[in-house]
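What follows is chain A paired twice: with chain B in the first complex and chain C in the second.
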Partner chain A sequence: MIGTGILKGMAVTARNFVGSYFEKDRLITVQYPEERTPLAENYRNFPFLIYDTDDAEAGLRCVACKICEKECPPQCIYIIKSEDKKPDYMGKPQFYPAVFDIDISVCMSCQICVEVCPFEAIKMDKVFELSRRERFDALLQRKRELSKSNTYYHSICPTEAAEVDAKLAEAAAKKKPTPPPAAGSAPAAEPTPAPVI
Partner chain B sequence: MSGDVVDQIFIRAKQWLLSWLAGAPDWIIQVASSLLNIFALLGVFLTLFALISVLERKILGRMQNRYGPNRVGPFGLFQPIADGIKMLIKEDIVPARADKIVHFLAPILIAATAILALGVIPYGRNMTPFAIDGGILFFFAVGSTTELAVFMAGWGSNNKFSMLGAMRAIAQMVSYELPLIITTLPVVMVVGALSPDAIVAAQSSYSFGFVPHWFVTTPWGAAAFVLFFVSGLVESNRTPFDVPEGESEIVAGHMTEYSGFKYATFFMAEYIGMFAISGLTVTLFLGGWHAPIHVLQFIPSYIWFFAKLSALLFVYIWLRGTLPRTRIDHIMNFAWKFMLPMAFTCILAAAVWHYMGRGLAGWLCSLAVIGIVYIALSILLDTRKRFATRTYRFAE
Partner chain C sequence: MSATIQTLEPAAEQPTRLPPQMTSRLDGELLEVSMGPQHPSTHGVFRMNVALEGEIVRKLKPVFGYLHRNHEKIGENTSYLGSMPYTDRLDYFCSMTNNWAYALSVEKLAGIEVPERAEYLRVILAELTRLQNHASLLGFLLSDMGAWGTPLMYAFREREKILDLFESLSGSRMMCDYMRFGGCRVDAGVDWMKLAKKIVDFFPRFLDEFENLIVENEILIARTQEVGKLSAELAINAGITGPMLRACGVNYDIRKVDGYGFYPRFKFRVPLGEHGDTYDRLMMRVLEMRESIGILKQAFEQIPAGPVMNPKVKIRAFRPPVGEAYGRIEGPKGELGFYLISDGGTNPYRYRVRPPSFINLTVLEDLCLGHTVADVMVILGSVDIVMGEVDR
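Moving on, here comes the complex of A and B:
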């Protein structure tokens, strides 16, 4: 019969129309700014610098070796190594980056800087709401904006952060027979639950 | 009667406004009365247009299991304002090689004809803005002018997509004008008048107090209603018959070269045309402004009219959410091979119903006539291929 197929199709759309008001799981749209889906633990986008303890200057793990700058495929990292050495939080004199900039409008989130860093000083962040009105001021991140604490790292990637802490502690133990507790890991040793960002 | 006051409130309001002009020459009162009607019509239907444009998106969204627009204002109801502002601030581009006058006049003509057609529909008791004896004739005369406007848009744009779209639009609109008018004929013949008010009045009584004498309750009326509705879909270029503006093939058809407010005018004309054709469907087959049950007559007549209109508009949107775009040759085949014979059958069935005394026997015979032709056409037009069971032969 002509028209029966149309009636069947209309029954399907009617079922969806009425169903969308009664069955909540039909409407799968996430109303983004108000609701968010939790990010996966392995989600990454832009790099940041880790510091131990609470002192962003002295605790910075980065010693300005410039490996990441050389390896960065889109060349978005810019480092000026310091002339002098300053004592880090453990009192050991170290070079430090006088300037450390990342142009996150150029960064392609490849994580190569993280993989080549011998000091576990640079890691990938999960902040993605970075849209800005100006390109040159807001998207060129300076050392001050890039530095984030190890506690923060534990809060965004607990598993990976625990592994990194364990590795650093092992290295420190190998170097010194009588080890001081490694890299400020004491408060951050137990992983905090994954944040709902 | 208090019910009467609510029912006639708009008529009273108009009379009160006109009473300010008491003592003025006759023609001034005439003009003022017409202007009041025009402003009321425009106010109501432009509001309805704004409302339906957001509701359509919300309903379509729900049919696809998503929220529709819900950001601007409460429940997204201010969306049309945002859309309107967007349309208004866009640049109005006229192609260099376009026929400027025709290009400019087309949107005006299409909107004017769409709005003119609204004038003859009875919206409630004593609420026909322009009661003419040949109202139905006027409606179709004005409605067919739309085709001219569409072709003006296609020709004036001097663009191959516009031209193709306009040609398609003309082809399908002319083809479906025939079933549209022929399905109106049985109603006109049974009532014996071309005036919409007379047609509504003929559907005013009830059997046993709950079966309304709407023409849709008779077999020929039901068939004619469906045919008229489908033809109306084509006339207003709605899905599944929206080939004139098939984006995947010809950009936007005759509207390709229009931008900004002119495009918005086309869009508005399309929706107003949809309201007009739905309003006429309500008038012809669904008893106009009459209540469906005798007891419910205390509800004002215009509320019933707009309730029926909204129901029809919902079906328009429902179909849009259900059906994909039809191919142009399928549309044409459907018009000439199915719609037209069925429309003629409706006349025949109406005659059977009328001459058998408009009773139960006539009702059943009329149903039989429609049923036989419908089944015969269904069998004859079934072009689905039936394949034999496939057998495989393999090398041994």
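Moving on, here comes the complex of A and C:
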């Protein structure tokens, strides 16, 4: 009979409408600015630089090796290497970035800088409300704005941060017979296998 | 690239292209309409120069290139790894399958082995991609037909769940950048697998409802059956692939033909159409989703534990040997292939994409001739294009 197909479809619509009041599977949206769904731990958006201890300048892990600048597919990282050296977390004198800029408008959050970094110095952040009022200067994130503490890293990615700390502590123990206490606010992490990157 | 109105000739000069039941109503005078590039149902910035006789399409010329962003040249100027995130942006609905096709061709080029668990993960992610691509395509198609909102929202609701899975695994909903040469970037945990199983188990309920909503709907049948018929001969000659080819009754599925990945280990059927019209193309997607669910269930049972990345592969300064390779997969839209020529350096010498949407779009004129303007939108929707892939 003509019209039965349409009536069947309307039954589906009615079931979905009523169901949206009772079943979470049928209504999965939230009222965004007021309600937020928790972000997945793997969620990534825009990189940041990690520093140990409390000093954003002295504790920066980055040694300005420029690998991320070279590997970045859209070429959004700009680094100038320092003239002098400062001691890193193992006490070894290292270069540091005099300038480290990332352009928000160019970065596509692909995570390749994190994968290629041999010093665990750059990690992915979870901020996504990155809109800015101005077009030019505000879009270029400088070293000061990019630097975030290891504590912050632990707060956004606890599992991964613990793995990274364990790896760094292991490397420090190999280099020195008496290792300094693990950098930052590293909680006691059981030895986990290195993350597959 | 730019087609001007003047290039369209009146239909009187080509009487053989007119279907016999159509008579010339306006003494051969054609009205030329430029549909697009900003048209809500062109699925992106896509323009069609249409010559109309009354409401009937007599000529159609697709114009594209508005979204061209030099993908292939960028691929030749970045490292092999650096192209991976760019492949996400080709067909932004199916970044996982794009990643896989590119990884497959690089693996062929350099002869890289992939661990077993990674192969299974790839199959799982590709089939999840197929589910969400087909679901959203059906929603868009019905939206093109005038069923505003309802089917699209139902489809997007299911797609949302799959995108959340992608996000929790790879870090991003659409720009996954998940696969690497020789495996996958991160392993899927136990919780992820449980959640994925739950979503896949729930998916048939959505399909049942969606079929109830559309399959017998009289309006949908009137709009799609016998509209945009594609013959098997033309489909083969024009190089059409994917669900669009199978809707014409040609049994050609690269998952079966090439048996890439671990697809030979799975039992699944290839649904075939009979008439090659829009209705068949639409139903092809529904049936393929059912088969995908079967593959996913088998994969969840069979997936072994183990590493997901080949430890021998260097991510940085990756230099494959001199040679060339073409890796292709059955993407949700058709055959997606990457052709790479290596000169031994860190960048490919030549990087070429064989996009399914672009090649499937080439027969658009043949599908649309003799139909009304309103049908053009439906036919275009059933071709399943994404402009990111057409223009590259």
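FYI, the second predicted complex is superposed on the first by the 149 of 197 C-alpha atoms of A that agree within 3 Å, B and C clash if a C-alpha of one lies under 4 Å from a C-alpha of the other, contacts with A are read in each partner's own complex, and residues count from 1 in each chain.
One rule holds in what follows: a residue touches a chain if its C-beta (ideal position, glycine included) is under 8 Å from a C-beta of that chain, and two chains touch if they have at least 3 such contacts.
Small disclaimer: the values here were computed from a predicted structure and weren't measured.
Chemist: By the touch definition at the top of the document, which applies to A:I2: first (chain B), second (chain C), both, or neither?
Modeler: both
Chemist: Quick one: classify A:V99 as touching chain B (first), chain C (second), both or neither.
Modeler: Neither partner.
Chemist: Once chain A of both complexes is superposed, is A:Y21 in touch with chain B (first), chain C (second), both, or neither?
Modeler: So A:Y21 only meets chain B here.
Chemist: Going by the contact rule set out at the top, does A:C110 touch chain B (first), chain C (second), both, or neither?
Modeler: A:C110 contacts chain C only, not chain B.
Chemist: More residues of chain A are touched by which chain, chain B or chain C?
Modeler: C
Chemist: A:I80 contacts which: chain B (first), chain C (second), both, neither?
Modeler: In the superposition, A:I80 contacts neither chain B nor chain C.
Chemist: After lining up the shared chain so the two structures overlap, which partner does A:V12 touch, if you call chain B first and chain C second: first, second, both or neither?
Modeler: Touch status of A:V12: both partners.
Chemist: Answer with first, second, both or neither: which of chain B and chain C does A:A166 touch in the superposed model?
Modeler: Neither: A:A166 stays clear of chain B and chain C.
Chemist: Which partner does A:M124 contact after superposing on A: first (chain B), second (chain C), both, neither?
Modeler: second
Chemist: Is there a shared patch on chain A that both chain B and chain C touch, and which residues make it up?
Modeler: Touching chain B in the first complex and chain C in the second, residues 2, 6, 9, 12-13, 16, 26, 28 of chain A appear in both lists.
Chemist: Report the residues of chain C in contact with chain A in the complex, numbered from low to high.
Modeler: 78-79, 81-86, 150, 154, 157, 160-161, 164, 167-172, 175, 177, 183, 185-187, 202, 209-210, 212-221, 307-309, 315-316
Chemist: Once bound in the complex, which stretches of chain A touch chain C?
Modeler: 2-6, 8-9, 11-13, 15-16, 25-26, 28, 40-45, 67, 71-73, 108-112, 115-116, 124, 195-197
Chemist: Touching chain A in the complex: which residues of chain B?
Modeler: Those residues of chain B that touch chain A are 59, 62-67, 318-319, 321-323, 338, 374-375, 377-378, 381.
Chemist: Which stretch or stretches of chain A touch chain B in the complex?
Modeler: Per the stated touch rule, the residues are 1-2, 6, 9-10, 12-14, 16-17, 19-21, 26-29, 31.
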